[in-house]
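There are structures below to look over.
In what comes next, chain A is part of two complexes: it sits with chain B in the first one and with chain C in the second one.
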Partner chain A sequence: MKRPLMLTTGTLTLAGLAFVLVNSLPGCRPTTTQTVVTGDAAAKVYVKPGTHDEFYNFVSGGFSGQLAVYGLPSGRLLREVPVFSVDPESGYGYSEETKGMLMTSSGFIPWDDSHHPELSQTDGVPDGKWCFINGNNTPRIALVDLGTFRTKSIIEIPNSAGNHSSPFTTGNSEYVVAGTRFSVPMGDDAARDVSISTYKENFKGNVSFIHPDPGTGRMSIAFQIATPGVNFDLSHAGKGPSEGWFFFSCYNTEQAYSLLEVNASQRDKDFIMAVNWKLAEQLAKDGKGTRVPGKHYSNWWNEETHSAETTVHEDVLQLDPKDHPGLLYFMPCPKSPHGCDVDPTGKYIVGSGKLAALIPVFSFEKIQKAIAANDVEGDFAGIPVLKYESVLHGEVKKPGLGPLHTEFDANGNAYTSFFVSSEIVKWNVEKLEVVDRVPTYYSIGHLMVPGGDSKKPWGKYVVAYNKITKDRYLPTGPELTQSAQLYSIDGDKMELLLDFPTTGEPHYAQAIPADLVKPREVKFFKIEENKHPFVAKGEKETKVERRGKEVHVWMTTIRSHFAPDNIEGVKLGDEVYFHVTNLEQDWDVPHGFAIKGAANAELLVMPGETQTLKWIPTRVGVWPMYCTDFCSALHQEMQGYVRVSPANSTVPLKGETVSVDAGV
Partner chain B sequence: MSTSTKKIAIAVMVLSLTAACGGGNDAPSAGPPGAPTLEKESAGGGAGSKAKLLTEADVTLGDIDAGMAEQGKTTYDVKCQACHSMGENRVVGPGWKGITTRRKPEWIMNMIVNTDAMLAEDPEAQRQLEECLVRMPNQNLSMEEARQVLEFMRTL
Partner chain C sequence: MRLHPVSRVLLALAALALGINLVMPIWRIDLGAPQYPEGLYLQIFHDRFAGDIDKINGLNHYIGMAHIKNEMFPEFEIMRYAFYLLMAWGLVTALIGRRAVLLSWLFAIAAFIIWAVWDMYAWGYKYGHELDPRAAIKVEGMAYQPPLIGHKQLLNFDAWSTPDVGGWALFFTSAIATIIFVLEWRRSHRAAVRA
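Moving on to the complex of A and B:
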C-alpha cells in the first residue's frame, strides 16, 4: 500500500501522531517504488558537466572493507579508497610497499568489514584533514589522509573483538575510540582458554583510546579502560559542556553467550556508559595504569619512501575502573541501544533502543548532578548505575519502530532512523516533539546530516543508508546494489531528492563541504623528494642488478615508454622485483605496470612515486609487459619484454632501452 | 642568482599567468589525461581568459652561464631526458642539439612552463604535436629551473 499522504503535509498533531503510529506498523512499510517526488527534485541534485559537487560524502564500504567517496548532491561515485582490503585497481595490498599496511598480529589480513567513517575535528567541527574508519573483524582503525585520499595509518586494537563502537573522535581529534563489541577472555594463553559458559566470570570488555599524532597521523594506543563483559555498540564524544566525556551504548547486559537474539533481549533496559576521558588521560599520564598483554601492530605510510612502516607492540596500558572511582558510570537505557548521539550543544545524549518504542534523551547537566549526589540505583559488576529518572531530559514517545541512529541540524532538530518502520523521523530536541517524517526505501540503518554529529552541522541534507534495495533499480540477480537516499532538510518538510547505488554496505557516512578539502589536494609527488630506496630519478638511474636469486629492476615510466623496456638474463627460479618510478610531474597522469603471469596484481604508480611488483616467472620464454593506464596517443606502444632463460643459462643480465640516437 | 634569472623572476611576479580554457568553461582542471591542466596558471586569472605567455622582453640571454647550464643538466636528467635526446634525433619529443638556433628563447621557455597554453594556441607547438603525437607533459618546472634548462640547451 502507498504511505498516507498526510505524512508529508503539515506539522503532526497528537491526533496525527496516533494515526501515524497505526500506519508505522511493519505491515505498512512502503511496498512499491511509488513515492512523492516533487517536480524540482531533479534540478536540486543536478550538477552540470564540468562543475563540482558541494559536499564530499565519505561512505563506509561495509563488507568490502573500503571507504567510498561520493559527491553530494549528485550521488556521483568519485573514488573508492582502499583501506582494509586489497585493491586490484591500485595494487594496494599487492605491491611490496603496501603489504605492510595490512599486517596484524594474526598475519597479513587483506580483508575486513568497515563500518563508521569519522572526520577529524578542530574545535568540535570537521576540518577536512583526515577521515578515520574502523575494521570490525580483525579489530583495526585506519586514518585516511584527505590530501591524498590514501590510507595513512592503521592500528590494530588488542584485547578486542568486533571493533564496532569506533572510531568516534574528540573535539580536536586528541583521541579516537574503539570499544569491543564482543567481550572476550583476555590475558595469557591459560587465561584465554576457558569454557564459553564461564562468560560471567572470565569475559571482559574494554574501550581503547587511540591517539593520532597531529603532524604525522601515526596512531598509537594511549590507554584502554577495562569494563564488565557486555557488548559495546556505538559511541560519541561529548562537546561543549560535556567535553571531556565519552558515551558508549552497550547491549547484552544479560551477559548471555548463546542465542543472543532472545537471551540478550530480556532486560527492559541496557546501558549507556559514560566515561570521564579527561580523568582517564590524567590517570594514564600519572602512571596509574598497568601494562597488560596486548600484542598489536601499528602500520604507517611514509610518504617520503612511498612505503609502509610496521611496528609491533607487545602490551598496552590499561586502567581498571575499580581502582579509579569516577571514571565510569552506567545509565539505564531502553532497550538494546544502538546509537548514542550527542547533540550540537553538547547538552543532550540521545539513546536509540532498537527494541524500544521510545527515544530516551539524557541531560548532561542532570548526569553531573546525579554523580555529585551519588544518586544511584546500585551497581553493575562494580560500576555505579545512575538512576534513569535522575539523568533523563525526557523521552520521545512512540516515535516509530526500531530507532537506530540520530543526527542533528543547526536548528535544534534531530533526525532519527527507524529500521523496522523504514522511515526518518524529525523531532525537536528541547521539546521532544515529532515534527516531520518521511519513508525510506528500505530498512534504513544509519543516516547522516553533513556535520550532523559535530558542534556546527551544515545541515541542508539528510542521507539514508539503506540495507535493502529490492525494486529500486534494474535487477542484477539475487544480489542487488545497496543504496543511499538523499533528502532535502532545508524546508519544514523533508523532501526526497535522489537515490543512488552504493558499493558494499553503506553502513555509516560523513560529509563535509568540498571547499574544506579541495585546497589540500596533492597533485603529484615531487620526484626530488622521493626517498624510496629503489627510486630512479630519471632514466639515467635505471638499471638491472642481480642479488643472488633476486633480480631488481630500477624502471621508469613517462608518456609513452618504459626504461628499460628490454630485459634479458633473468633465469627460472629468480624473483624479479620491478621498482617502477613514474617520472611524470603532472596531475592525473599515473602509469600502470603489468607483466604476463604476475600472480599478485598490477601496479598503478602516481606521478613522482615508486612502487614495486614482485614477479616470479614460471616458464622459459619472452614475457611481455605493458602500461595498463591509457596515458597518451602512443599508450598502446608503451610496452616491453623480459626474456627468461633456464636456471643454468649463462645469458648475461642486462636491461636497455634502445634509443634512435643509438640505433641510427 | 645571475642577472638573467633575476630578470625572469621579476617577469614572473609582474605577469599574471592566466588560464586558457578551450571552451571558456569554469572548470579549468577538468579533462582527460593530457588535456590542459592549468592550475598553476589559473591561480592568477579568471576562467576563460587567455594565457599570458612570456615575450621576447622577458627572456634575456647573455654569455653562457656554466653554473646555470649545469643546474639545467641536472633537471634534464630527471625530468626531460626520458623524451628528449641531447643529439639531433627525436625520441618522443625533438632532440635538443641546436634547438636554440631553431627556436626563440621565449618560445622554448613557454613550451616548458606554459606547455598546455602553447599546445592550445601556438601554431608551431601544434605542428610539433602533429609530428610527435604525444602531448608534452607539464613537468611543473619553476621559472628558474626552466631558465637553467634553456641555458643547458645553449651548450648543446
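Moving on to the complex of A and C:
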C-alpha cells in the first residue's frame, strides 16, 4: 500500500471515530430548544374551556397594519381589529361609511405598517378605555375604542415621515406623541423641492403632541415642536417626579442621508431628547407658536350615524425651540439608541443603544440638576447637549449584545430585550446588576410586561415578540409565521411557558387585566339610537328608490331573511347602494351581505348597525345575494335576487319580500 | 264574636301585600341551553311581559311558536282590577272583623288562584301546541308547552317556571289568611266550650 493512501485511510478512520464518539456523548451535542421548558409550564398557560384569560394582550400587526388581540396566558388569538388596512371580511375601508376612516392628504390609503400599541392611561396606569396605535408609513395615529374593539379615530401627522416614535401617552392621556423617523424639508412647495444633499441645511425633524378628546376620542394636533434634522426612534413619557417631561431616542446625529447603515453609525453617542411638554403646552396656550403649513386629515367614527366624519386641516401650530430655551435638551446616549423607557418610579430613563454593549440609565434628578447648573458639553444645532456623566445614574455593564427595549416589573427590576444575542436580561434598576437571563427563539425585538411601561406594572409575565421563528412551528413555505413567547417572571428565574404564532410582525404590545376591559363591552348597537341617514328601523321602512343613476335600497336583515329580497328595475349603468340595517338586538348575531360580482367587498353588519355596499352591475341578468355570516339554522336560506335589465328597459323599480301563505 | 285585633292588623297587612303584584313581576320562566350560558328569562307582570321576549321569539320562530306579544292577553287589561278587588275585600275583612267575611275572602283568593293557574295552563297549552304549519323545523309529536311550575326539558332548552316576587306575595297572603282563619276558628271554638 502506498503511503499517501494509508495516510488518507488513517485520517478518514480517525475522523469517523471522532464523529461517532462525539455524537454518542449527549453532553457534546447542542441542547435542543425543547429542553428549556419545565414540567408544569402547560398547567400555567392552560385556560380551561369556558373560562377566560387573565389578560388582554394588544399586539401590533406590523406590516398587516392592524391590531391583534390575544388572551394571556393562553396565547389564543381573539380578534384582529382593522385599523390602517382595509378588511374585506368586514367591509372596513370598502363600505361607504368606513372609507372616510382611511382618508389622508395623499388620498385614500388602504394599508399601513403599524408598530406600537399604547393603552390610554389614568394617573399613569392603563385604564382599559382606548388603545392607540401608530401608522408608520403614512404618518397616522389611530385610537381603538375598547368598548367596541373598533377604530374610533385616525389622525394624520403633517410634516412627518415615518411615524415611528409614536403613539406613547402622557399619564392621563392628555397627549399621545408622534416623532418623525425621517427628517424632511418642510414648508411650501419651493422649500420642499431641495437637493437631498442639503440635508443639514434644509431637513427638519419634529415631534407632535396629539390631544384625544376625553369624551369622544376625536383627536387633534395640539402642537408640534420643530427639531434639528435627525431620526426619532422611540419615546416614553415621564411619570411621578418626571411627569411633565417626554423622552425621545434619536439616531443619525451624523445627519447622513445615504447608506445610513454605515454613515449613521459613526458617532460614539447619539441622543435622547428631553422635552418639557408642560412648558410647551403653556407656550401653545399663550399663543407663542406659529401656524405653519401642514395639511392633515382627522377622521372620526360616529357611532350614532355608523359613519366616518372627516375633517381637513390646512395648518398646524408649531413651536420653535430656538425661541424658547428650556423646551428641549439632548442627552448623549451610546450608539444609536432605540428603546427609550422610563421606570415605574419615574426616576430613571433607560436608553438602549442597539449597537452598544452596555445599557445607560439616566437619572431625572441629575438631569434637572445639570439643567439648573447649565452643565452642558455644547450644543447640537442650537439645542443644549447635557454632559453624559452629569445626567447618568449608571451603566449596566456587559448585559448582552444589541439591547433594544426595556419593560419593568413592580419590584424594581427591568427586563431588556437583546436582538443580537437573542435573550431577555433581567436587571435591577437601582443597583444596575444583571439578575437573570433567558434565551428567546429567535431574535427578539420588543418585549412586554403587563403594565410594564406604566406607574404600576401588573408583572407576572414577560412576553418576547420575535422576528425569526424557523424550526419553532410547522413550516409554511418560504414565509414563516412570526412568534411571541410567554415567560413567567413570578419567581427568581424567568421561565419559558409558551410559544404562540402572531399575525403580521409583532412590534410593541400592551397587556391589561381582562377585568378592566370586559365590563365595558358593547354587545350590540341600539336600533332606536341609529341615526344613519339610510336606516330602516323595521321591515316596514324598507324601500327601493331611484335617484338618477343611483338606486338606493333600504334593506333589513333578521334571522333569516333580507327585506326586500327580490329587487327588479335596476338597469345597466346604475350604481346600486345597499343600505343594510341589521335589525337583530342580541349579542353575537351579525349578518353578512354579499352580492355576485361585487368588486369591493362583502359587509358584516353588527346588530343595530347600518352599513352600505355600492354595487355596479356589469351585465343583464338576475344576480344572487346572500348572507355571509352564519346566523341561524336557516342561514343558507338567507338569500335573494336582483334583476338587472338593459339601460333602456321599462321594468318598474320595486323591491319586495314575498311570503307564501300557509298550505300553499 | 269579632276577630282578634292582632289578626285584623295582620289581615290588613296581608291584603296590602297583594299590592306588590301591581308593581313587581308575578311569575317568571327561565330558559337555559348550552349556547345561552347567560340564560334567557321571561317575566309576567299583571299587565305585561318583560325579559328577553325578542330573543325568545327569535328562537321560537324556527319551530313555529307564536310571537309572544302583550296584545295576545286580554287578561293584562283586567288583572289589576282583580287585585284591587282582592285588596279591598281583605281590607274590608280586617275592618269588619267577622270570620264569615274572612272565609269569603279566602274563597275569593282561592278562586283567583285557580283561575290564574288554569288560564296560564290554557295559554301554555295553546302556545306549545298550536304551531305554525309553515315552521322550518318540525319535530314529530313534539309540543313545546312550558312547565306550569318547576322544570321541563324542551329540546335543547331547560325551562323552569317559578313564582316571582308577586307570586310569593300572593302565596304569603293566602297562607296568612288561612292560618288566621284556622286560629280564629279554634279560638271561637274554645270560647264556645268555656261558655
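Here is the rule we go by: the second predicted complex is superposed on the first by the 624 of 664 C-alpha atoms of A that agree within 3 Å, B and C clash if a C-alpha of one lies under 4 Å from a C-alpha of the other, contacts with A are read in each partner's own complex, and residues count from 1 in each chain.
Operating definition for what follows: contacts are C-beta pairs under 8 Å (C-beta built on N, C-alpha and C of every residue); 3 or more make two chains touch, one makes a residue touch a chain.
All of these numbers come straight from a predicted model, not from anything done at the bench.
> In the superposed arrangement, which partner chain does A:Arg559 touch: chain B (first), chain C (second), both, or neither?
both
> I'd like to know which partner A:Glu314 touches here: chain B for first, chain C for second, both or neither.
The answer is neither, since A:Glu314 touches no partner chain.
> Give one of first, second, both or neither to describe whether A:Glu201 is in contact with chain B, with chain C, with both, or with none.
Touch partners of A:Glu201: none, neither chain B nor chain C.
> Contact-wise, after the overlay, does A:Glu304 reach chain B, chain C, both or neither (first, second, both, neither)?
So A:Glu304 meets neither chain B nor chain C here.
> Should A:Ile527 be classified as contacting the first partner (chain B), the second (chain C), both, or neither?
In the superposition, A:Ile527 touches chain B alone.
> Which chain makes contact with more of the residues of chain A, chain B or else chain C?
B
> If you stack the two complexes on chain A, which partner ends up touching A:Gln585: first (chain B), second (chain C), both, or neither?
Touch partners of A:Gln585: chain B and chain C.
> Of the two partner chains, chain B (first) and chain C (second), which one does A:Asp40 touch, if any: first, second, both, or neither?
neither
> According to the stated criteria, A:Leu634 is in contact with first (chain B), second (chain C), both, or neither; which is it?
The answer is both, since A:Leu634 touches chain B and chain C.
> Would you mind listing the overlap between the chain B footprint and the chain C footprint on chain A?
In chain A, positions 50, 558-559, 584-586, 632-634, 660 sit in both the chain B and chain C interfaces.
> What does chain C use to touch chain A in their complex?
So the residues of chain C touching chain A come out as 37, 54-55, 58, 61-62, 132-134, 136-137.
> Flag every residue of chain B that touches chain A in the complex, lowest number first.
25-27, 29-30, 33-34, 37, 39, 77-79, 81-83, 85, 87, 89-92, 95, 133-135, 137-140
> Could you pull out which chain A residues touch chain B in their complex?
Residues 50-52, 523-524, 527-528, 537-540, 556, 558-561, 563, 583-589, 630-634, 659-661, 664.
> Can you check the complex and tell me which residues of chain A touch chain C?
Residue list for chain A touching chain C: 50, 558-559, 584-586, 632-634, 637, 660, 662-663.
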